[in-house]
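Supplied in structure tokens, the structure appears directly below.
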Amino acid sequence: MKEKNDYEHSKRYGMVIDLDKCTGCGSCMIGCYTENNVPFKADETNKLDSINWIQVYKLTNGKPYPETEISYLPMPCMQCDGEGKLGHSPCVSVCPAVATDYDYSTGIVSQIYTRCFGCRYCMAACPYHARKFNWWDPVWPADMEKYLSPDVSPRMRGVVEKCSFCFHRYQLARNKAYYENRQTEELGEDEYQTACAEACPTGAITFGDLNNKSHAVYQLKNSPNAFRLLERLETNPKVYYLSSKKWVRRQGDNYLANEEPGLIKKIDKQHH
Amino acid sequence: MKIDRRNFLTYTTAAVLGGAAGSMLTPAPWKLMDDVSIWTQNWPWTPVPEAGPVTHKQSACTLCPGGCGINVRFVGTRPVKIEGLKDHPVNKGSLCPMGLSGLQYVYGPDRVGSPLKREGKRGEGKWKKITWNEALTAVTDKLASLRKSENPQSLACITGSSRGTLPSLIGRFLTVYGSPNLLRPATVQDANEQALFLTQGKQGTLGFDIENADFILSFGSGILDGWGSPGRMFRLFGTRKSEQRIIQIEPRLSNTAAKASRWIGINPGTEGALALGLAHVIIKESLYNKNFIEKFTFGFNDWTDDAGITHTGFATLVEAYSPEKVSQITGIPKPLIESLAREFAASPRPLAINGRGQGTLPGSIDESLAMQSLNALTGNINQIGGIYIVPEQTYAKWPDLGMDATASKGMQQPRIDGAGSDQFPNTRSLLNRLPGLINSVKGDSPVQALLVVDANPMYTLPDTAATRKAFDKIPFIVSFSSYMDETAAYADYILPDHANLERYQDIPTPAGMAHQTITLATPVIEPLYDTKHTGDALIHIAKSLGGFVEEAFPWDDYETFLADTLQDHWSDLKEKGVIEISPDSKDSAVLSFNTASAKYEFCPAAATRQGSKDSNAPSAYTPAAIEGDEKRFSLLLVPYDSIRLSGEQIANSPFMTKTVEATVLKKQMTLVEINPKTAKTLALKEGSKAVLTTPKGKASVIVHLYEGIMPGLIALPRGLGHTAYSEFLAGKGTNTNDLIGSVEDPASGFDMAWGIRAQLSKA
Amino acid sequence: MSSTDHHHTHSAKAAPDPDHHESGASGSQPAKSSGWGVFLFFMIGFVGSLISGWILFPELLYSKKSQPIDFNHSVHLDLVDDGCNSCHFFEEDGSFTGMPDLSKCVDCHESAQTDDPEEIKFVDEYVTPGIEVPWLNHSKQPDCVFFSHSAHVMGAGMSCESCHGDIGTSEHTRVYEENRLTGYSRDIWGHSISRLGKPEPGDPLPMKMNDCAKCHEEETGHKGACFQCHK
């Protein structure tokens, strides 16, 4: 397929999260739950079995009072492009059922719940803990099934789920573009936004096509404060972070004491 | 061919093999394999949400007083998502976790679906479903009997707020019925309102023009932890100009402190002293706005009244608050106090903000006055980037009340909580004093019937044990809650209100907004259950009581009443959902004060200041009394607010609880934050189980070591420890109110407790 | 089996019964299984399974249901201005409404227009009480499927008939054959139980995932990513 290797010209949807603006309020998580029919249980304190497509982590600089600083880190699926060539995402390459797949037209890593048989190889392969397993059948108590959205299929016990960059919103935006006889390749930046980006009350999350010069993410990702998580693994995530704090950027990877954060980015650029 | 037992098996095998071979040449096995896999993918218990045309309806969030505009997405007739309304002047599209999870409140397991009558013991959870007619008759009969026995003042009503038309309707009901006892919890808005009245002589709420301030000095206000209208505050933070600096002063590294330009730790409860210390430096170094101070203020310098008595001016008063002394009190280094004062005064538009955490506790009047004095020193009164007085919402005049002798006599009785008495002349309501007052009375409770509307005092009032004891003495409790909250669970009757999205509600200017807004929450769905708008229920009860009470309510229903009350605004509100009223920017309006001196008064002449030798003394610093013996309780317990939890009458949604970090709640236990140094002295480690003891109670907790908290403190999140509601909330963690009591401000009667002495020991 | 029988069998195994042996040697019918016998039974099984697999199985797999109202597409198509779009149209957001709801029908059928018993039944049982007609959808897909009508109709310029067949000219509703295991219409798999051969002209096309993928491959050069058709 010709578009497989067209790294520069295909769309690559991505996210730039400004950690200086993230207040750790958790609205992105709830915006995501309500958009994507994410279930809940009575006890969600064991975060290993708590299903979150985007999870806000808390980082600390570890210094004693009053020099202590904290920063929040929202982590959706990183939608890894993979090492070297497109589509070699860690999870996609291990799935024995083709239940997870790399979409070359958007760069989004899909997860098809009805295809998944729950082996959880992908969870083991994902270095970001982005994937969650349904240990139980979801239950919506009282009349809560009534608020479920038809845009995202509810999952069943025994399958893995994860952030889809709200792919259904892309589909709905394309639906509209087709209806209006527009080129669906030229969707406006505001026509396709993820639920978390919309829910973030401080506007810390910017979403768009990383390859499109007119999209905000194009410039933002090149900021000197930009970094990605575990860049050295060359998973090539499409989620970028911004932080003016060096100690935060340092926590993006396992840097040695004499290494500067951001070093790995150069390797990444040489690669492509 | 003879078939006997021996060859039967052989032939059968042959037939089966033939069948198997044959079936391989039919579609059956392949088709069945496909069908079975589809069957396993579509379990009947996995819901399939129904599709339909997508529409949006605009309304407003009513889950807190923040008044954010919401946009509800519908699929067919089902609302499926709540999002922020982009062009609403308060939140401009931003919403907090509670607002975003609003549908869980409507469809969730905590709803009360029909009127209920208590069957078992109070709080036992045994209920009998009754009809609305039975419920309304039961309440009407009780209220009629109180009037018959000439005891109407023994009816009390607790509301969540005094603002908006529903509390006005209830106020009107109580007046014509004959009871002055309309109670509600006080917030920092009330303390600020009183300080405003003392300094400016006007009634109104205090607004902060955070949008345009360039140096924000926050005295522990959780401006990113739910203070004011959370939607507005988040939006402002996200869109602020890069030159805006935020200085956060509090003993714990909150989310606000983490995001501030600078976080300064302070000994808890000493914020007022810091404000006066900053004023000291500003005055001493002559950095204040001389034009404003000279022309528009009174009481800056010492002054002599007509009787020839000399009074202390503000400048003289703060002389005692030298940076050295303030450093001792607050624990903030002297040079830092000085540089902070200089920076504040040198900024073109500095702004001091108060109200600890979400501002749900009022604090002392002295604190409010100290913060406002700081703003006055820079002349930032009713100015861009400063503090504004936001006038109270005016409503259309209702028909005059006729009152019978019973009502008049009842209304002449003093309020049970002492608000408005000689002791607290400027205070409107002191719900925090109610449990203590009821408990101190021997014999019958002064409250014989209690109506609870939009409030959950059994959970939100400090000292839960005392509240429960007081409620035990009230023979008749009616809750109008939509949810099975602690107070509803303890009531004798529940007359459930509609939930959010199902009812009309007007929302006056949210806390902290610098200009006036009126927002209307319009119902966007039909009520799901057999519920009734509390306004309608009260109008019905009033009509059933007859006489003047009936006459006072000429409206058919709450909607008519609302339309009548909002008059000119009604059609606008129905159409647009919100009205903005810009402040009068003319100098004559901005700098006119209704005080005795017609100036901004540093020495509020109208104030009766308890505990002060000089009855006209300006704002001073009264250190808040801390409950508990220092020897027995070596630590200080402070509550903290988080936007992911709600300590107010509407509790967290299951989704909010789901977002709570594992360092805050673990299974059913709360984690308390403690500095590693302090923990070491107590031989406590991360994850240790411990017992937290205060003069008010005990709780089992887990220890969480947190560098971001001042040594010697223990921090406990508000919003956990519910005893009512469903399994998604009940029994999770500890309610701060079980452990912390109320401390009365001698000047206002408000609760000024910000914590309590405590001890933490290994379990 | 009685205890005596049991005993007998047991002893037979221990020492062969001479009578038994003799009758076998007499040659009337060998008690030993014969090659022909095995073949015969094999063929009985073989042919039986062919018959049941090709004829009985489809009959058993599908239950037959009729639509709540015998709808006449042909009559309606003659009366409306905009062909199929008159009742099956797109919303402005590009979503497809599919089967019209009652509000669309009420425009004309507030009361019965003819004395057709089906129309009278429709008005009496659905229009007057305001109950939506529980139409059985021949094209209903599982919840995990995302299908965009606008991509196919607007984007690829396909006609309704190219997938749904010439239902628009039908005078009666077809029998709805529901798969007893999956609950979906037989149309999804295709009428031919073997999926061999092409559907008759005018018949709806089968709508299994492979059918989608095949057409996509032919028309666009690739099958498309999973998310293109799944949600």
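By letter and in written order, the chains are A, B and C; residue numbering begins at 1 in each of them.
The criterion applied here is as follows: a contact is a pair of C-beta atoms (placed from the backbone, for glycine too) under 8 Å apart; a residue touches a chain by one contact, two chains touch by 3 or more.
Predicted model only: the values in this text are computed from it and were never measured.
If you compare B-C with A-C, the chain pair joined by more contacting C-beta pairs is B-C. With centres defined by CA atoms alone, the chain at the far end from subunit A is C. With each centre defined as the average position of its C-alpha atoms, the distance from subunit A to subunit B rounds to 34 Å. Note: centroid distance subunit B to subunit C, computed from Cα atoms, is 58 Å. Subunit C has its Cα centroid 40 Å from the Cα centroid of subunit A. Annotation for subunit C: residues touching 2 or more other chains are 93, 95, 142-144.
Touching two or more other chains at once are residues 41, 48-49 of subunit B.
Counting partner chains per residue, subunit A has residues 114, 154 touching two or more of them. Every residue of subunit B that touches subunit C in the complex is listed here, in rising order: 1-2, 4, 6-7, 10-12, 14-23, 25-28, 31-32, 34-36, 38-39, 41-42, 48-49, 53-54.
Residues 20-21, 23-27, 29-31, 33-35, 37, 40, 42-47, 50, 52, 56, 58, 60, 62-66, 68-72, 114, 137-138, 140-150, 154-156, 198-204 of subunit A touch subunit B in their complex. Per the touch definition, subunit C reaches subunit A in the complex via residues 90, 92-95, 142-144, 146, 148, 150-151, 154-155, 221-222, 225-228, 230-231.
Across the complex, subunit B meets subunit A through its residues 41, 43, 45-52, 75, 78-84, 91, 94-97, 100-101, 103-104, 106-109, 111, 224, 230-231, 234-235, 237-239, 253, 255-256, 258-259, 263-265, 528, 643-644, 654-663, 665-668, 675-677, 707-711, 726-728.
Of all the residues in subunit C, the ones that touch subunit B in their complex are 28-34, 36-50, 52-54, 57, 61, 91, 93, 95, 97, 142-144, 179, 181-184, 189, 193-195.
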